[in-house]
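Both complexes below contain subunit A, partnered by subunit B and then by subunit C.
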Partner chain A sequence: MSDLKALIEAVIKGDISTATAETQHAVGTGHNAQDILDKGLIAAMDEVGERFSKGQIFVPQMLRSAKTMQECMKALEPFFQEGSITSKGKVIIGTVKGDLHDIGKNLVSMMMEGAGFTMFDLGVDASPERFVQKAQEIEPDIVAMSALLSTTMPSMRLTIEALKEASLRDKVKVMIGGAPVTEKYAREIEADCYAPDAGSAVSKAKEILGIS
Partner chain B sequence: MLKQKSGDKKQASPLIRKRRRKAVYVWLNVQPEDIWLRVRHSDTIRRALRGGDIKLEGDCGGLGKCGKCKVKILSLADEPTEDERELLDDAELEQGIRLACRTKMSHDLVISVGEPTTEPEYFQVLTTSHGISSRYIPESELEPLVNKKLITLPPEAQDKGPSDLDQIKLALGDEYHNLMASLHCLRTLPQGLRESRYHGTAVLHGDSLIDWQNWEEVHRHYGLVFDIGTSTLVGKLFNLGDGSEVAVAYCLNSQNKYGSDVISRLQYIKERPRGLQILQYLLVRDLNQLTAHLLQTAELEANDIFIAVVAGNTTMQHLLLNLPPLGIAEAPFLPVVTDGLVIKSGDVGLKLHPEARLYTMPVKSGYIGGDLISDILTSGVAEQKEIILGLDLGTNGEIFLGNSKRLLTCSAAAGPALEGARISDGMIAKAGAIEGVRLEDGQLQYQVIGNIRPRGICGSGLVDLVAVLLHCGIINHEGTVRRSRRKSAGELNSRVIKRRAAGYRFLVASSEESHDQKPIYLTQRDVREVQLAKGAIAAGIKTLIDQLGIEAKDINRVYLAGALGNYVDPISAMRIGLLPRINPDIVRSLGNAASSGASMALLSKKHWQMARDLVDFIEHIELSYRPDFNEYFIEHMDFPTKNMW
Partner chain C sequence: MPFYQPLTPEDIKQIDDTAHRILEDVGIHICDGVFLDELKTAGAMVDYDSEWVRFSADWLGEVLSRAPSRFTLHSRDGQKDLFLGEGKVYFTNGGRVFRLYDAEADDYRLTLLRDVAQTARLVDHLKHLDFYIIACQAHDLAPESYHLNDFYHALNCTTKHVMGGCDNLDGVRQVWELASFIAGGEDKLREKPFVSIITNPISPLTIEANTLNILAFCGKYGIPVTCAPAPIAGATSPATLAGTLAQMHAESLAGVAITQVLAPGAKVLYGAVPAIMDLRNMEFAIGSVETGMMNAAAVQLAKLYHLPVYASGGVTEAKKPDIQAGCEKTLTILLTGMVAADCVHLAAGMLDSGNAISYEQYIIDNEVIGMVKRVLAGISVNQVTLGFDVIKKVGPGGNYVTEDHTIEHMLDEFFYPNPSVRLNFDIWQEAGQPDMLSSARVQAQQILQDNKGDLLARDLIRNAFQGIQNV
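This part shows the complex of A and B:
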């Protein structure tokens, strides 16, 4: 699989044209689509996430890589449709009620998408009712919430309570994050996990679903 | 044993059980001042110190995130918590240093909270804005919100007028035919008139007579202005007779111990049933102390003051007025009131004359407060054809752009990094803070407040430092700290130190060079914080520029206000991309513009009216709803590639 190396490098660099060309090339030379995804794109994004967590790269670089990944995915689209690529899981994501911060949540969403999850983005200012409604509709594996203000953090607790009330809490894992959020707060409101940044969100998500 | 006994009665009514449960207390001894505090078992040290009114560093309001509320446990220290392991280094943990907000009192403790404060700390606060002259408005426009008039009631009128008040009306002339008087004033009026021998001073607020004084008092005409900042409070005393500034006093906002930014204060109010009352009490106590200092310098008494004007951000103004501010905490960020209010100062607890009036500046929205309205008033932008960009740089970067035709404002959540918070060795601008950094012959030259060895970096120093490191390539345009290949880096490369997982950090001052024998670093994470802060402000500016349909080069003048705004080097600010690249000569400091604007309102009814009109004139752009802002924000997190010098 050494010839996926160029693809991996291009995704890390966020070089869209090279990366899409490499993806086309890999498809053309008979690579398995699942391999291109897992050992190429996802491997690259794992590295990007790790570099971000370490502070070696920052938001613009990570976003560029995520966008590159999305472009490359388009080339793999037909394989998705014929079912030869499987999703890692369904995730509902949103910034909680009263909070309009978009960027961090989008980063997490793109990174998780890049890691093979199917994302359903509720946007910002998402009420507990909307989380519940969407969860009833699509039966996700994970509900992910973001809050950037300490004053809107309680909306996370309310959303978890709403999930309980709708008898959905046992069926999903809840993941939370955002600048003022802590591990301790996650325990306090009985979320399943806390992700300190977009890089680690992916590994945390895999961890709680018990996948590698 | 006692606990066990009460446990036996679990079946009994829960109310009784609760009453019988005895609270357990432990003792906390605080060095170096040897204060003993009786503390409820399991309370945190932070809570205990706050209860004892002992000052403590910290930016996050006790969330365990900033790692600054360090105390040293002198008695036996418990094992550190997870958060403490993360935020403190091994050497600190070894010495018994813990975080006050994470350490629970499970037994008696002796702690040290740093050096005794023998001398008052020197805080750098701007006091006047127009250089040496402290004149805020032309003398011709002097018409204070309260005025004094010398009146003689002719002997013949004394018998003719139907009442004491009517006689004063007559003497004042047609202009005052609607004159009213406060009850307080009427009660003392007959005696006052007699004592003044019908030749005295009428104290007038609009159509209202609020006091009658002896004739000499006509020259003792003073008023106050307060700039109620989230971190610092400034008070000014004015002579309303000639419009001159008599005295200035400032102090730190005592609310700081409940978090350094507006959001943590709101959070506190949300969590505590009496939170608002506590914060209001602290603020008024500070303002009364400032007032006492100001009055002392001019040998005045509280009774001599009939008027005060207050400017602050929307939340601070709400806190002063004891208005529930929680609407500001969440989208759609609605304040209770935006109008400029006129109330009796006694209603909020300010100790002035019983009839004294308090004016609060009008606000535009939850995050465009009376302070920015004051800035705009000071800048005079609404009366000019030239396009002016104004920035008030604090935790929120408030921005205005436009001219007399159209004026836009927005508030960009920059976070407190540019005030030194959330920066590992960051600090506010006080003694020991590196406030400026220059590169001379390949060596860094620091300017330190108070001319002592450095203890940390404040906002302006941080901007300079990042600009210098960008210049010599130790920080690249993506914000990564690394060793540089550029010649200009010279010896500085030896200060770039690799850390295990967290990349590189830059040694600003070694332990030998620093005041506290502790090295001062700029870490990779610090640079990321700067990127977020300057990215938000730059994106806010860009959004307004687009909205106004101009380009950066069309800006004729740039005004900087706020603590950072007045000290930041414009060229450094441009090098890091905080400001767009413009001619640095058009950048001016507005001084402490929040108090200047409020002073203008105090001294001239016309300007008070202008402030009220401004609120209708300006357009507020709510950035949180703008997708283009988010795009610009990300784009502007990177640093510019080009060097400035």
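This part shows the complex of A and C:
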């Protein structure tokens, strides 16, 4: 049984093909899946987080590593019983109705996925009805909305109202963000939290769910 | 004459070729069935499943040739018209921010309709700002009535040309109805449009239905328009400056071409708002040095097609009118000015990566722009300015202070700064140690205090447009 050094290195580098091959190799050489996850992938991502917080790597590298980890997880999934891999939480995310800007929303989604949340991305121009429908379907912990245009911000309020009407509002936390969105606006429309950027979206999400 | 050209002719050709390849092999996502049909009829290659539209180089060249290389952005009084495509460089403020830095309170607040009126008054009085862009979002209004109110109050506070961002057809229609009324008829507005519209594609390579509707409307009614891409290198365009320029060039040309399909001969500006992402932490960096370089390059690319250009300079990441603001603004305004962009927008008032304004910053940036205009005016060399006769007359050991030659040239040769402080040390101390910001604050207050009247026939217009609010 070899150690997981090569896997860890590949995840840190964001080298998807080497990392997935190393994951398969680790499985083939007798590592158990939980060890590969804990001592390989998560250990690698801890190191990535450490390097990022020291400014040694940049966001694209961190996101590549997160993506690499997700690909490796796919290879490990058959070894876990359904539901035994814990998610930090389920999150529906989308750019609100009338708005087609999605770079900010996509960054938030990638960062949250990298941090262990399970993301359901509604894409752009997502109507209140679509948020409600998806929320009924998957029972998320968080509904996250993004808007770039001041003229589409009111869709956030409408979506929150639609969640209320569907009796879902008290079952989910609502998070909002986007250039013109402010803390004050979040309070006005009774969102649970406002995140000014993708990095803080992760910590805010953990905060409102009461997890570390 | 451009003083700064970051791209060689060979660079320009390579970027232009790549933009053509992008438009021919990749295409633009057009999010509207009706416009897909129109473009197909006009000869573009349309894939209805992906909604991607591709343009051959020949087709593009033919369509772009319909765009005028010169036109005028009129002022309401005819005194401050802007002649685009003639090598002149015009500067203006930036638009649609949502926060204001109040230097006196050293605090921030959300912008209001009153701020649209006040910034228009500032621009009206600031000599180096050539036209006005609707500066901020009126948080005290519902979005449905933004445009009518924004343009009414802007036109009521300045006679300079007024440009503004639009998000949808209803908004541009409000602007057109109001401006037609003020002009004394649709035809008069078409003849001398004193308003123009900014809209944007979404990088990468996407134009949404609202934008297309705005382009079609403006083309139909003779309102000058720009469809200005704002790619962010490393996020919504390649991390290389050349790659971002190639994509932006494709997006800009597509905007111009589509407008010409919808309304041949429409007055359209090649738009450019390229910036970068700071990939250390994903902060939008439009005050970056690369922003200045790319905007200058964009101007060269627009000129390849003889299109008037709407470029950008003068934004900062700084949150206050501070040292960083001064450095970043000066550099990008200078670079974009020195390449002889027809219009440099965002050049005054902006803070916080384009999210905030401050009144003081308008005064300060007006000064920077004044200095850049001085640079552009160049050094005049002729027998009179060389001054041999006066040098001979004064001779060794004299001075020039009271010479006719001095008095004849002192007004034209020098730029006289205003909020910048040029005081002898003792006098400066006695004056309470003023600095550029404190002087700017006094000037802004003075302009706003002295100018409170209506420039428009208030009652007449308000009777016709019930939705106009007071400020």
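We take it that the second predicted complex is superposed on the first by the 128 of 212 C-alpha atoms of A that agree within 3 Å, B and C clash if a C-alpha of one lies under 4 Å from a C-alpha of the other, contacts with A are read in each partner's own complex, and residues count from 1 in each chain.
We take it that a contact is a pair of C-beta atoms (placed from the backbone, for glycine too) under 8 Å apart; a residue touches a chain by one contact, two chains touch by 3 or more.
Here the structure is a predicted model, which means the values were calculated and not measured.
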Which of subunit B and subunit C A:Q56 touches, first, second, both or neither: first
Most subunit A residues touched (candidates subunit B, subunit C): B
Touched partner set for A:T182, first subunit B, second subunit C, both or neither: both
First, second, both or neither for A:I138, with subunit B first and subunit C second: neither
Which superposed partner A:G199 touches (first subunit B, second subunit C, both, neither): second
Subunit B versus subunit C as contact partner of A:I211, first or second or both or neither: neither
Doubly contacted residues of subunit A, that is, touched by subunit B and again by subunit C: 55, 58-60, 100-101, 103, 149-152, 154, 179-180, 182, 184
Of all residues in subunit A, those that touch subunit C in their complex: 55, 58-60, 100-101, 103, 107, 149-152, 154, 179-180, 182, 184, 197-199
Subunit C residues touching subunit A - in the complex, by the definition given at the top: 31, 96, 98, 110, 137, 143, 146, 167-168, 202, 206, 208, 232, 234-236, 279-283, 355
Residue ranges of subunit B in contact with subunit A within the complex: 60-61, 63-65, 82-83, 263-264, 266-267, 270, 326, 329-331, 478-480, 501-503, 524-525, 528, 531, 624-625, 627, 630, 633-635, 637-638
Interfacial residue positions of subunit A with respect to subunit B in the complex: 54-61, 63, 97-103, 124-125, 149-152, 154, 179-180, 182-184
